[in-house]
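Please see the structure below; I have some questions.
Each chain carries a letter (A, B and C) given by its place in the written order, and its residues are counted from 1.
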Amino acid sequence: MWDEEKAKPESNRRTVGMRQHFVNGLVYCTGDMMHFSQYMEDKAFIFQLFEWSMRGVARVILANNPLSGVLILGALVWASPWQALLGTLGLLTSTLTAVIIGQDSEEVSGGLHGFNGMLVSLLMGVCSSAGDWYWWLLLPVFLGGATSTFLYSGLAPLLDKWDLPVAVFPFNMVILLYLACTGSSNPYYPHHPATPLGELESNATKLSLTQLLQGVPLGVGQIYACEDLGPSVLILGATLLYSPLLGSHALLGSGAGTLAGLSVSVRHGALYSGLSGFNGALGCMAVGGLFFTFNWRTHLFSIASAFLSSYADIALSNLLGTVGLPACSWAATLTATLMLLLTGRSLSAYRIPTGRVMAPEQNIRCHSQWAAREATDSTDV
Amino acid sequence: MWDEEKAKPESNRRTVGMRQHFVNGLVYCTGDMMHFSQYMEDKAFIFQLFEWSMRGVARVILANNPLSGVLILGALVWASPWQALLGTLGLLTSTLTAVIIGQDSEEVSGGLHGFNGMLVSLLMGVCSSAGDWYWWLLLPVFLGGATSTFLYSGLAPLLDKWDLPVAVFPFNMVILLYLACTGSSNPYYPHHPATPLGELESNATKLSLTQLLQGVPLGVGQIYACEDLGPSVLILGATLLYSPLLGSHALLGSGAGTLAGLSVSVRHGALYSGLSGFNGALGCMAVGGLFFTFNWRTHLFSIASAFLSSYADIALSNLLGTVGLPACSWAATLTATLMLLLTGRSLSAYRIPTGRVMAPEQNIRCHSQWAAREATDSTDV
Amino acid sequence: MWDEEKAKPESNRRTVGMRQHFVNGLVYCTGDMMHFSQYMEDKAFIFQLFEWSMRGVARVILANNPLSGVLILGALVWASPWQALLGTLGLLTSTLTAVIIGQDSEEVSGGLHGFNGMLVSLLMGVCSSAGDWYWWLLLPVFLGGATSTFLYSGLAPLLDKWDLPVAVFPFNMVILLYLACTGSSNPYYPHHPATPLGELESNATKLSLTQLLQGVPLGVGQIYACEDLGPSVLILGATLLYSPLLGSHALLGSGAGTLAGLSVSVRHGALYSGLSGFNGALGCMAVGGLFFTFNWRTHLFSIASAFLSSYADIALSNLLGTVGLPACSWAATLTATLMLLLTGRSLSAYRIPTGRVMAPEQNIRCHSQWAAREATDSTDV
């Protein structure tokens, strides 16, 4: 390969150079892009806010990369401009609330105060039965975005005692609060009551394998409450850009969730639309690569986590469905939180402290560095 | 003014003297009245128990003043003697249980072990559908009062890790336990099933502004499950006696709660009776003045807290209403607890450590003293 | 007595010797049998696993004695071989999962990772409406057993902050998860929906005192989801073998639970089958003797705990019954957890740190030793 390249004429060399540039560019754009944050540090507030927001968009799917955020926002606009507008407003409200109440600036610039607000407003839009461009919805979007920041700020010291991330607890709380508060037949804010996953009537028809397979990538899109195949694939691509490991775990988890759904015969619609897969995807991503160093043990563990998240989601969906509420991502959040607390030495040895979590690929590199350093330290002492 | 006074004849001087006496007396009676506790220290147990109990009565509305307690108890007797009797028995049971199981004597004398038992027995009386003077009700009143002290004692170390007050968590737990345990058609302890706030049928009639405005002071009375205007105003007066700042926040919060109720169109009955306001009042009082030093920032914050409490109350009421249970003050308790945990520096800087909380007016004075002392300390070091 | 014995002929002496042997043997077999663990330390893994499992079986009823475990397993086989098989499989799955994920070996050998899995699988069997020997049930049994170990491992650091035991929280979570996930009319895993305790229809008939008294020992058997009198008595016997104090508290608590049930008129079936008693039994055992040194104060306290557990169980059963779920042992677990946190000095002085808990009889002995030692220490210092 090396010899061949040397022998190539000028024109080919240029291609090689371009390819090199492309690879460099790709490396530059993947991972946490911390260099980009440093580059933005002395720019105008509006540009910085843009970077924080894009990181916030990506944070929903556990990525921390402004470019992934841009791609995902593009996918949302593609799926539904109204939804994308709502999401953006929720994102900005919660980020600005965090700035105003004086949250830690490092957290704000990492996008940690944006993703809950974004999810809240996306779900408000999806659940609303008043149709698109119903402008009164902006009121709860603003309130919900601000509230999610308050809850994030309040939950942080609670969870911090065990070095746990706040994750999407605020989103799950605020959206249940909103839906329970308004009720399905509210005159100002009507919404569709949620259908439990375990409903049986529609299962008379035969299962379609094509639609079942489509449900797997759709499960990744469902993390953003997006039900179209194209945008879902784009969201998956954005995740792969951040970290191929994280992206593949997303697909794997969504598949596991679909299998779990099949095993207890949830309604076919939920399998086809990816609703039964997205909690599995989140549970799988959190454990496989992000909060634990990737290796075969944590890989098996992440699959277990995906199944557990999915079953918990079905259970919660059946329970909350009796009062017309959706289960959101409670299952994945609770499961991942419990898994992070695991004390079994074969697994907890690979746990990465919350403050040090980076892209999975970097986690692997850093882990071996620590291990080496700690080994040296213990020899010294 | 000073010159005028000097020129006044003897009779006027006496008026001035009396006025001065009155002001002195008022100053003596407002705030935490710690001097009164010191004065009672060597009195007989029965007098001390009386002081503790009266502080316990006032603690329900976050005041810590035996005179306010006496006024409030008077308001309860005015509204319903049977209810007042139940409340007193619950109060005494839980205070004496605390003495027997050896709780910290400072907590007992501050009335901290009485208010939960009192609320439990008041709510038992209000929910009971067996009518007044149904003597069998004393059995659950005694048991509920004792249980609330056990729960207080058990929850304290849990919440203490984050320097949080136990507040009315025990009351909320015990009353739900009692109502869920007996069920609405129990042969011994029947009770009215709770109506969710969000019910729609009765909203056909036009909204009456007078009744709506009456709902605001009634919201303060509802903290003691009292639905009459006169006693409610007396309760408000007792709060103003303890601290004008706290009292005005109670009114403000109740108003915010009514507005929140209007915005999601709760049933009119709840607006008129103050049911939609009392959680807002509690949420507003806890944040504005009591646990945070009063200033314009925490004032805005207290309004946000009032709205959040009210919306959470509507949501919980709709949820618990599906099984016929009332939402009690869960919403305000949870919201205030989360708000106390807030880490945003613009607000958390004004948080007062739980052990140092006094009347809002004294909090302001003490806060500036600390600030001065801490500034000196940091210069010294 | 002593003189008489001396005068007895040879044949009688042998009886005396045998009696002595029997007493020695009995003493050897009661309590925690730590010497047996030491004896097993160098045996083959399969024998060790047997000991761990038998301790796990006994742990369900708060005992820690392999022989009690053998007796209880015998009782389960007597009641239903299929149930016993399920229980054993759940037990083995969760114990082996704990070994694989590297849990603390001392915990594993104490049987702490087995009892949750066993309870999960027993309840899966009891709730299943597919009849005995329905082999597909082994799938959820394996999954549930493994999950309960994961949850145990995750909850431990949470509860450890307050020195609380994990107890049967994982069992309660996993079984609710399973039942909510499958729903009552699932095509693969159908189950009987739970009937709330407070249902009224069947109470038309007169209460039968004999059946009511039978309900008390049955309440002990219900801890293992066993509804037959013979096996229940055997289980009680196994508990008495471990510790007479614990066994008598089990009976006492079950009786208190039955009384509590009578006082709010639960349906007669629940009283007869012991369903209304088993939470009381657990609540009473945990406080009386096990986690608190036994004396008259903690004895009264254990009765209070039994009543509180029972009332909480009725309340939870009514609530969860609305969605067709059983209340399991949530009530006893939550109540006991709160009681362990109690700060009242008259009771908390007798609290035994979780790591030092032994059989009640040994707790009494050790407590006086500490007290003496601590007294000496404080004199020295």
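The definition used in the following text is that a contact is a pair of C-beta atoms (placed from the backbone, for glycine too) under 8 Å apart; a residue touches a chain by one contact, two chains touch by 3 or more.
Predicted, not measured: the structure shown is a model, and the values here were computed from it.
Visitor: Regarding the chain A and chain B pair, does the interface count as same (over half of residue numbers shared) or different (under half shared)?
Guide: different
Visitor: Overlay chain B and chain C by their C-alpha atoms and let me know the rotation angle in degrees, rounded to the nearest 5.
Guide: Angle of rotation between the two copies: 120 degrees.
Visitor: When the C-alpha atoms of chain A and chain B are each averaged to a single point, how far apart are the two points in Å?
Guide: Here the centre of chain B sits 41 Å away from the centre of chain A.
Visitor: Could you tell me which residues belong to chain A and also touch two or more other chains?
Guide: 161, 322, in rising order.
Visitor: What part of chain B is in contact with chain A in the complex they form?
Guide: By the definition above, chain B touches chain A via 161-162, 198, 200, 263-265, 304, 307-308, 311-312, 314-316, 318-319, 322, 337-347.
Visitor: Can you name the residues of chain C that touch chain A in the complex?
Guide: 98, 100-104, 139, 143, 146-147, 150-151, 153-158, 161, 176-183, 185-189, 322-323
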